[in-house]
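You will see two complexes here that share subunit A, one where it goes with subunit B and one where it goes with subunit C.
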Partner chain A sequence: MSKGKVWKYGDDVNTDVIYAGKYTYQQLKPEEMAARALEDLDPGFAKAVKPGDVIVAGKNFGCGSSREQAAACLRAAGVQAVVAKSFARIYFRNAINLGLPVLQCAEAVDQLNAGDEVEIDFAGGKILSGGRVFTFPPLPESVIGILEAGGLLEWTKKKHQFR
Partner chain B sequence: MGLTFSEKVLSRKAGRPVRAGEVITVAPDYYLSHDNSSAIIGEFKKLGLKKVVAPGKIVIVLDHIVPAADEKYAQNHKVIREFVAEQGIPNFYDIHAGVCHQVFSEASFALPGRVIMGSDSHTTTYGAFGAFSAGIGRTEMASLWATDEIWLRVPETLRIELSGRLPHGVYSKDVILKIIGDNGADRANYEAVEFAGPAAADLSLASRMVLTNMAAEMGAKNGYFAPDDKTLDWLKARAKGDYEIVRSDPDANYEAVLKYDVSGLEPQIACPHTVDNVKPVTAVAGKPFHQALIGTCTNGRLEDLEVAARILKGKKIHPRVRTLVLPASREVYLDALKKGLIEIFLEAGCVILNPGCGPCLGAHEGILAPGEVVVGTSNRNFKGRMGGRDSEIYLASPATVAASALEGKITDPRTYL
Partner chain C sequence: MGRTIIEKIIQAHSRDDAAAGRIVWMDLDVRSARDFGGPNVVKNFEQEYGGAAPADPRKTFFTFDLCAPACSLKYADNQQACRDFARKHGIEVFDVDRGVGTHVMIEEGLARPSGTVVGTDSHMNILGAVGCFGQGMGDVDIAFAFKTGRTWFEVPESVKVVLKGRPSAAAEAKDLTLFLCRELGTKKIALRSAEFYGEAVRNLALSGRITLCSMITEMAGIIGFIPENGPIVADGDAAYADFIELDIDGLPPQIAVPPSPNTVRPLADLRGTRIDSGFIGSCTNGRTEDFARAAEILKGHKVKKRVMLKIVPATRRVYEEMLERGILETLFQSGAIVVNPGCGGCAEGHVGLTGKGETQISTGNRNFPGKQGKGQTYLAGPAVVAASCVAGEIAGPEDL
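And then the complex of A and B:
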């Protein structure tokens, strides 16, 4: 478990403000994508974010387009997880398949504030912060495997080496 | 607290009780892909594997651009045929069969309680038969071919209760357009949509498929009708495998319940450029247009062609309108032929297209020129989907489209029925 700081945002954070449309057809390296993360929502984010930090947001996070970079850029920026009240369907799938944990936990969203220190226990389904514990349905082993492998394709390849 | 249909089916597959919000890993019963199989094959090859894990679960239907419209599409089809032969995939339907969702249903892969994944957003359709079916991406499909495993988030369920009797000239397409118009294109984001109530039970299976097909246009992961006598009748004639009927518990936990009395409903139409921009047909009646389309996976079944033929019989299409009729499958085409419907369409001046997706996705067979307007029975009207960037797409029932084709302008079908 790594510790990180909370970045807090509201409802309906869309894929355009996470990763601007004008970059979607440029082939950028992960660190270049990270430098553009949340550009139109929080211009200070990309410079200040540290590995292990956690994004906490309201409902419908990742609504809008199906662009995978909106998940990839946050992972490249070192974001440990996104905790939200709910996620747009395609964003949720893209995020896990690209190795970015997305957790639904309304209680944590209501109580956590920007700057709070948090730790996440993925297999145990717990978010810990300053003595408070918030629970979410634990992720199954195979999904943790996908996240740890760094994404679905890497996981599929790895799985086959063991067959 | 009881369980919803989706919670029950996925609990069975996961081998333990699961609730909405949980993420589980399952081995689906079938996975469907179409012309995009060539892209999936490309992804699959990147994994460096020789063989797919479960060839018997793969169902491939060529429907999107059939017969191939150019060399590029022909090459895609060739790659797919070679892969099918090399991998020994038994369930392959070449260009003669029809739209994947209709073919998949007719071939009885869509059975109650089955878990089906498809790399097409309208895979939601099979909920009409009581199956759990959802759309996925191409990379996910390649991984599924390689592992026979996929992770799924158990969806919350939105229940829509339909009561009353559909008035004359009003159909299931009007019902779903009204629901999407009232609630917005993302109302059911990541949710299951369960259609219930006496007016849902009154619908034929073909009409139920219109609702589950278009549940995708509310953002739904899957749609669902509880199997009843009508479902069992359909299955009696077709079901090849075994199946298990799964229903929501009476005290299941729903995200919300929406209630609609369909008795007062008027014919509806989705206006450019979003499916939730819905108005009563009377509000846009008189708008001239250039092309009519009757068919697709949404409304290309026999009952749809029958309604259209009833309106067109012995009459002539307006000279300014090109009318395309697109049976959803070869089976539908043959039935329509035997019933004399094809003759009625030809005499009225329609063009009959081969079963498949036809112009629905804007790749061939009836592309719109810039500025042209189409009134069709398909399910999407996104900007430029059927041709030129500034062309316009209106979506309505087969009756509305047929009546409009006669008049050359958008027309309330009730006067023709």
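And then the complex of A and C:
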């Protein structure tokens, strides 16, 4: 488990503010994508984010277009996980396929504040912060496999195991 | 516990328990990509898997339907990149002469009742019309599906929608569909599978089933099925997340007004709105029956001089039927423009785009700002589009 700091946002964070439409047709390297993450939501984010940090947001995170870069840029920025009350389904799918853990935990969202230090136990379904423990339903084993491999394409190369 | 249609189809393709809410691995009968998305699928595949072969080239296809034949260098390059990849691996390409991928798959028997098909088309769920699972996915998903023949999927909950009564004689399948876009909005069947019941849908021919199922995406649903008189039924004790009953008795023709397919009003409210162009086609209304209905109205009439009527058959087979049945001649004589099969104006494809200030009435499925150009797009059924193009303003066949 690695420690990280909370970045807190509200409901309906859409893919345009996570990764602006004007960049979607450019082929950018991961570090260039990371530098543009959340540009229109929180201009200070890309410069200050550290590996292991966690984004905490409200309902319907990732709504809007189906662009995969909106998940890829956060992973490239070192974000350990996004914790939200709910996710737009295409975003949820893209995030897992690209190796970005997405967790639903309303209690953590309500109680965590920007700057809090958190640790996440993915297999155990726990978010730990300053003595508080928030639980979330652990992701299915197959999904954890994809996340651990770093995404769907890497997972095929490394394991290619199906039940 | 009994199973809904979506649970049954996924269960037949998975070793996991395919109950609603579960994430399962499922086998895919067909995996496909088209000229939009396809080149990125190829790029991802080659980057990640090198020269390795797809799991089964016979179950893997390319369908070129967005810009057919290519009208820009970008599309020409992209299509050729897919062709090169296909030739290398022995994959069949339904090329620029064939038409809308989902429709070709239905015609070719590749999309079968209880089957599973994925592709890079957000309207892939149109295959629900023949009782087949269809889902549009991203480039990474499809590259993975090419390589493994499988995908992971969260089995959706199902909603039972029962339609009471009989629409008016003037209403077409599109009018029923637009009415549902309004009533169900983008929340009531969101992320769920919808099963439609009732006399009005039971009697729909394949073309009408395609129209309804094509717009489940605009209702934010995963997929829609019409079980009655269809190839696959749900168990009597299947569990539904919601039950919705709608009265459609006497339903008149409907029109979706800008800015969304869910802002729908009766034709009567819009009659007289001046139009500059019309479009008949798309995966929603591109079947022979749609053009036959338009021809019936256009026979003996002319498209108004300042109006363009653009017609795009969904597939080459539809085009052929239009030729054989004299529909093509009627459309030509009326002054309509008929072009090669394909999708038409969606995703900056080909025919059907509007310029700034232009007002178009279209049988397509989306009228979001910018989707079909800078103009304003109204969505309607083929009869209303045909009549409007003769009148030069929004009108029904009875107004001619």
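The definition used in the following text is that the second predicted complex is superposed on the first by the 159 of 163 C-alpha atoms of A that agree within 3 Å, B and C clash if a C-alpha of one lies under 4 Å from a C-alpha of the other, contacts with A are read in each partner's own complex, and residues count from 1 in each chain.
Methods note: a contact is a pair of C-beta atoms (placed from the backbone, for glycine too) under 8 Å apart; a residue touches a chain by one contact, two chains touch by 3 or more.
Bear in mind the structure is a predicted one, so any value in this text is a computation, not a measurement.
Asker: Just from the overlay, do subunit B and subunit C fit on subunit A, or is there a clash?
Answerer: Clash: subunit B and subunit C overlap once superposed on subunit A.
Asker: With the two structures laid over each other on chain A, which partner does A:L153 touch: subunit B (first), subunit C (second), both, or neither?
Answerer: both
Asker: Have a look at where A:P137 lands relative to subunit B and subunit C in the superposition and call it first, second, both or neither.
Answerer: first
Asker: Which partner chains sit in contact with A:C63 here, subunit B, subunit C, both or neither? Use first/second/both/neither.
Answerer: first
Asker: Is A:S2 contacted by the first partner subunit B, the second partner subunit C, both or neither?
Answerer: neither
Asker: So, does A:Q26 touch the first partner subunit B, the second partner subunit C, both, or neither?
Answerer: A:Q26 sits against neither subunit B nor subunit C.
Asker: Could you look at A:R93 and tell me whether it touches subunit B, subunit C, both or neither (first, second, both, neither)?
Answerer: So A:R93 meets both subunit B and subunit C here.
Asker: Where on subunit A do the contacts from subunit B and from subunit C line up?
Answerer: 89, 93-94, 96-97, 140, 142-143, 146, 152-153, 156-157, 160
Asker: Please give the residue numbers of subunit B that touch subunit A in the complex, ascending.
Answerer: 19, 21-25, 43, 46-49, 136-137, 139-140, 142-143, 146-147, 149, 151, 153, 186, 189-190, 219, 221
Asker: Flag every residue of subunit A that touches subunit C in the complex, lowest number first.
Answerer: 66, 68, 89-90, 93-94, 96-98, 140, 142-143, 146, 151-154, 156-157, 160, 162-163
Asker: Over in the complex, which subunit A residues touch subunit B? Could you list them?
Answerer: Of all residues in subunit A, those touching subunit B are 60, 63, 86-89, 92-94, 96-97, 104, 137, 139-140, 142-143, 146, 152-153, 155-157, 159-160.
Asker: For a test of understanding, state which residues of subunit C touch subunit A in their complex under the given definition.
Answerer: Interface residues on the subunit C side: 15-16, 22-23, 25, 44, 48-49, 122, 137-141, 143-144, 147-148, 150, 152, 154, 191.
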